[in-house]
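Paired with chain B in one complex and with chain C in the other, chain A is shared by the two complexes that follow.
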Partner chain A sequence: MPKTYAYYPGCSSMGTSAEYDRSTRAVCRACGIDLEDVHDWTCCGSTPAHVTDFGLSGALAARNLVQAKSAGRSEVLTPCPSCLKNMKAAQHHAHDPVWGPRIERLLGRKVPEDMRCASVLEILFRETGAEGVRALVKKPLTGLKVACYYGCLLTRPTALMEFDEPENPQSMETLLAATGATVLDFPLKVECCGASLAVVRRDMVQQLSGRLLDTACELGADVLSVACPLCQMNLDLRQKQAACRRQTKAAVPIMYVTQLLGLAFGLDEADLGLGGLIVDPRPVLAGIGARSEEAADAPAGGQDDAKAVNSGRAE
Partner chain B sequence: MKTLNLGESDPRFISEVEQRSGQKISRCYQCGACTGRCPNTFAYDLPVNRVMRLIQLGRREEVLSCSAIWLCAACQACAVQCPNEIDVTRVMETCRQMSAEAGLVSERAIQVFVKSFLGSVKRNGRAFEPGLMAGYMFRTGRFFTDVDLAPVMLAKRKLAFKPHKAGNGEVADIFRRYEEEGPVSCNLESDHA
Partner chain C sequence: MRIGVFVCHCGSNIAATVDPAAVAMAADSMPEVAYATDLMYACAEPGQKAIVEAIGEYRLTGVVVASCSPRMHEPTFRKTVERAGLNPYLFEMANIREHVSWIGKDKEANTRKATDLVRMAVEKLRRDAPLHSRRFPVTKRVLVIGGGIAGIQAALDCAEGGLDVVLVEKEATIGGKMAKLDKTFPTVDCSSCILGPKMVDVAQHPRITLHALSEVEELSGFVGNFKAKIRKKAPYVDWNLCTGCGACLAKCPSKKATDRFNEETGLTTAITIPFPQAIPKKAHINPEFCRHFMTGKCGVCAKICPAKAIRFEQEDEIVVEEVGAVIAATGYDLADWSGYDYLGGGRFPDVITGLQYERLLSASGPTGGHVVRPSDGREPKTVVFIQCVASRDPSKGRPSCSGFCCMYTAKQAVLTRDHCPDSKVHVFYMDVRAPGKMYDEFIRRAVDEYGVDYIRGRVSQIFRKGERYVVRGADTLAGAQVEVEADLVVLAVGAQAAHGAEKLAERLHISYDDQGFFMEGHPKLRPMETNTAGVFLAGACQGPKDIPSSVAQGSGAAAKALCLFAKGVLENDPQIANVRPGRCVACGKCVKTCPFGALNIVEARGRRTAEVVETVCKGCGICTATCPQGAIQLQHSTDNQILAEVNALCRF
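Coming up: the complex of A and B.
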């Protein structure tokens, strides 16, 4: 019997990253990865708790591990690297002489020790892998030029995340290459996009995000593939701001890796939430359609709309 | 207005930061690799290797009142670089916690955002993005810097309209116990020889 993973959607799944949540569920279903939502899950405390007190952060994150454990699960999967980092940090801090006892006092019980936590990228890489992806591809992404962007947290800190290479990870490239896409060598794949400063320091985030977007465009990327809701929202939402400041006209769609995999698997677009993206990916995706047989089915009106949105963004 | 005595040195400071962060800061030999890799040095008042040095020198106020510790994006790049395996990010995060506890915060807007966020989690069990923004604007007296993005977000249904309640009071209990306990430094013995 396949293992069932406890699934922790995280708060942004209820708003800004709903399409990540949807596409994660759809792709896991297609790959035969069984997900069960953590019952009555609560916020992991995110960066604000982590920068306030490791004890508070640990207790808030660990409550969800307790919930998963009492449902009989042994591994939690979450799409959000920031939530993942907090859960892993809670387990790590549980052994710390200063923070361990404090976490337990604040939580009112022990932190489950034998619980594993992983990102959706890690589980897809581990369970499905390139071969599994190849077997599921129905609409190859042939010709689509993809730059893979991991952001800061998926692979770092190394001791905590225990996944892929900290400075030059390859898991996303491996999975996407198996869909037939052309994977570019993106040198800024683990550079910070500044998302955590987005609300308060617009100047800083524009500088950091702008450099990433410019480089992706210079490399000729059709899309940037991401695996973090904070990076996605930051890069997608701020392209116009960043472009104005840096005087570029770049508008590159920022897609979740799960959306790209889902497209290659031929999953329903509605299940992948493509409509939730701000820089519309349909014009570049229509290009792949033309290269395979699907072109005739693409609704012409939809494409025109998409172009209008895109040129509007690039002004 | 607060006056700083920049030359003042507090020998307990390094041991306090070391205990709280679990990092051996005394091992830092100022190679500068952390600063070389930090994407935010351009905005910092003190580069991150300088923060490390000032901790070694016991310059408590200078460190806890600098803006760098608040502008750090916790991206972990420095932590991967350090040849002495110091988790430099954790040191920055630790200093930020101590800065708030000591009332030496230099970047008030960031602290207000943090408080708004945690307030929202305490009330609802989950973070509620629009409520959070409203609270932030209210408390800084400053109009949300990203107000131009709101129409785009609404059009894409990126903002939920109602908070989702969860956790059946357990999250509020965690916050209550946290507030009752006070800052962790109270339980620390800083017995520096």
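Coming up: the complex of A and C.
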């Protein structure tokens, strides 16, 4: 029997990352992962709360865990790494001698300790995995060169997030390689995109995100795959600004990993919200079929470097 | 018994927070105490004299000294009472310094506690029996384990001192890590030129027996009389016949064997001699790559060998050597850095270790001494060195400093500028640690004369950019992020104990720390000794060491072995386990628990009973705690004595 997860969309799902929310629901449905929205969910506190008061942040995030628990769920799934981090931090701070009591006072009860929280990527990797993806693929992404970008939060802080390798994660690559896409070895996969500095230091975001885009272009990426609403926004919405500043003409579609998986599963494009992206991915995606022939003989991409050991041979 | 109690002031060490006179006065009324006094320094000459005189004047038959830890001065005072004609084991020590005065400030409470400790010592002394050491002869031979520079030095010094030496080396040649180095700091002289003659001396010395390609499997016995079981791995070549001509190497068709000597920077043949100056210069076959072993077909070497020395059917051989002392000199290996994902963790062919770089620099290495990138054979234009990889990094469980990396990095930076004058060289460092003679001057030369760019900060990531690598890090002096595009990156990977060191330590009955390094007897005063008598340490097996320190410790360990044998006979410590056969039921529990194998079940007067091998027992007391019958007693710490101490402490 499929396990039912409590689903916490987070505020960006209501606006800037609506397509992440839609594609997550669609892909999970296809994978047989049941999602049940957290009843009456509220804001996790986001950055403003946790930079001022761990107690407030903890209580806001933990309220949603309480809601999920009272609905009889044992694990919360959220597409947003920021929300995820706040939920995990709430559980962590519940043990803190200073913040613990404050969270409990604000929340009016104990933080549920046995509630697990995970990202969409983590659940798909754990529950469906490469084998599961391969079984579901209807329209292989053969020939599509994808650079996988995790951003700063999905794997770090290591002790809190407890997911994949902190410096060189492979879960997104593993899933996308199973769709037939050519996965590139993207060296900046856990670098910062500039995050919420977009509000106060736009120049810095242009520089940091610009770098990510430039590197992806140098590698010949058709698409940058992401799993975080804020990364997606910085890379997609501000791509033109960054290009302007750095005097480059990069135009790389920034797609959620769930959108790419959904495409490979042959899901309806409307369910995946492709229209919500700023840099239109359709021209690149249209080429998939055309390229698939020539790429058929090519090695399954990207993994060669990862596997090559330091043989250090000098010829 | 007439007991004398001497309470030491230790200057102000004890007297500042304990009242020694009050302790002495309280001791005066303890049972069988005939005399009690306080002394300024009990261990000093006047203090010892006072003890000797009091023994004569008051006809004392036992002595308690209340002063420091017995680890400090128990041997001193045993000799003192012996000089006055008492048995040295009719002496007890109460530790009122480390256990009292140094750890509490309340003088009244301290004085009470000191008095309690003295009372315990008096009660123990009242139940002491005179003990006598046994003397036994020794085998004047030394086993040296490990043929690196430390082991070579120890073996040569022992042999020169007149001892027969058995040198066991795991690899097919001696020379260790030093043989792999190109040049040595701070003089930049050729490593194999200064090591080579010493290796030849080992081969030619009539007192040294060398077992290469061998490992110690078991060490039994005790100081002066060890038995070492040594496994000589089959080289598949009769080394009595092999002349080291190298004809087999030239013809061997299997040319893709792992080259361990060259740190896998190149490939070698399945039958091989590690390097031209190898000692012994004998060929051996690596069966993992030999076509004869893999497919059963080939045998080219056997056909070509002019000495007819190839022996495919050869098997491992076990030899047993009797020795009186053991010197462990097993050295170090580089730490495993595959967990360092941000440095590539081994994914990038042009990110190599310092030891691999030595092989690229060496004229006898796979590139003939040309510095080239392993990936494409091109000469690098920019070389980046990163220090403190797997050193000083608590986040990876490696908090300690490996000590020699600062210096070898500077040396390699200088050599890079020598080999490739057009190159740019950058070094990321945390701190430069160069405390040796002429060391700091060498670092200055690297910066001032060779133009090496030292950047203070750690590296956060290495990633590929086309053919090159971007090294990103912090420049903490400038407070800025820096990025250097490099062709070649050399990591100063820290040292850890040699692979298998823990296993060997267990075979030798010595202890090791969390990094696998062998524990010395005392971190300052017994750096060459272990807590197992007759087992000594030399070189980096005790902790990372550069060549001068390894050589010094090799000589030091040899001196320890020579001192041990200079006496001809050894005396054991009589504070060991003793079986009362009347109580023993021969259940054998003690035999199972003894970590030293000192207990046997024997037939005596028609019944089975446990027996202690006096020379093997270390007096740890595990058997006495295990014995369900109370049949084994640790002499000088019997159950009765311990209970008497407890009663003295809990009398209210």
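Everything that follows uses one rule, which is that the second predicted complex is superposed on the first by the 289 of 315 C-alpha atoms of A that agree within 3 Å, B and C clash if a C-alpha of one lies under 4 Å from a C-alpha of the other, contacts with A are read in each partner's own complex, and residues count from 1 in each chain.
Methods note: a contact is a pair of C-beta atoms (placed from the backbone, for glycine too) under 8 Å apart; a residue touches a chain by one contact, two chains touch by 3 or more.
As the structure is a computational prediction, the values presented were derived from the model and not from experiment.
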{"item": "Greater chain A contact set [chain C / chain B]", "value": "B"}
{"item": "Which superposed partner A:D185 touches (first chain B, second chain C, both, neither)", "value": "second"}
{"item": "Contacts of A:E167 with chain B and chain C, given as first, second, both or neither", "value": "both"}
{"item": "Touching partner for A:Y5 - first (chain B), second (chain C), both, neither", "value": "neither"}
{"item": "Touching partner for A:E218 - first (chain B), second (chain C), both, neither", "value": "second"}
{"item": "Intersection of the chain A residues that touch chain B with those that touch chain C", "value": "166-167, 191"}
{"item": "Interface residues, chain A side, partner chain B - complex", "value": "11-12, 14-16, 18, 40-43, 45-56, 59-60, 63, 96, 98-99, 102, 105-108, 152-153, 156-158, 166-167, 190-192, 194-204, 207-208, 233, 237-238, 241, 275-278"}
{"item": "Residues of chain A defined as touching chain C within the complex", "value": "165-168, 185, 187-188, 191, 215, 218, 305-306, 308-315"}
{"item": "Chain C residues touching chain A - in the complex, by the definition given at the top", "value": "263-267, 341-342, 344-349, 351-352, 356, 360, 366-367, 372-374, 377, 461, 463-466, 470"}
{"item": "Touching residues (chain side chain B, partner chain A) in the complex", "value": "19-20, 22, 39-40, 42-43, 71, 73-77, 79-80, 87, 89, 93, 96-97, 100, 107, 109-110, 113-115, 117-118, 121, 125-130, 133, 136, 144-146, 148-149, 152-153, 156-160, 164, 166-168, 170-171, 173-175, 177-178, 181, 183-184, 187-188"}
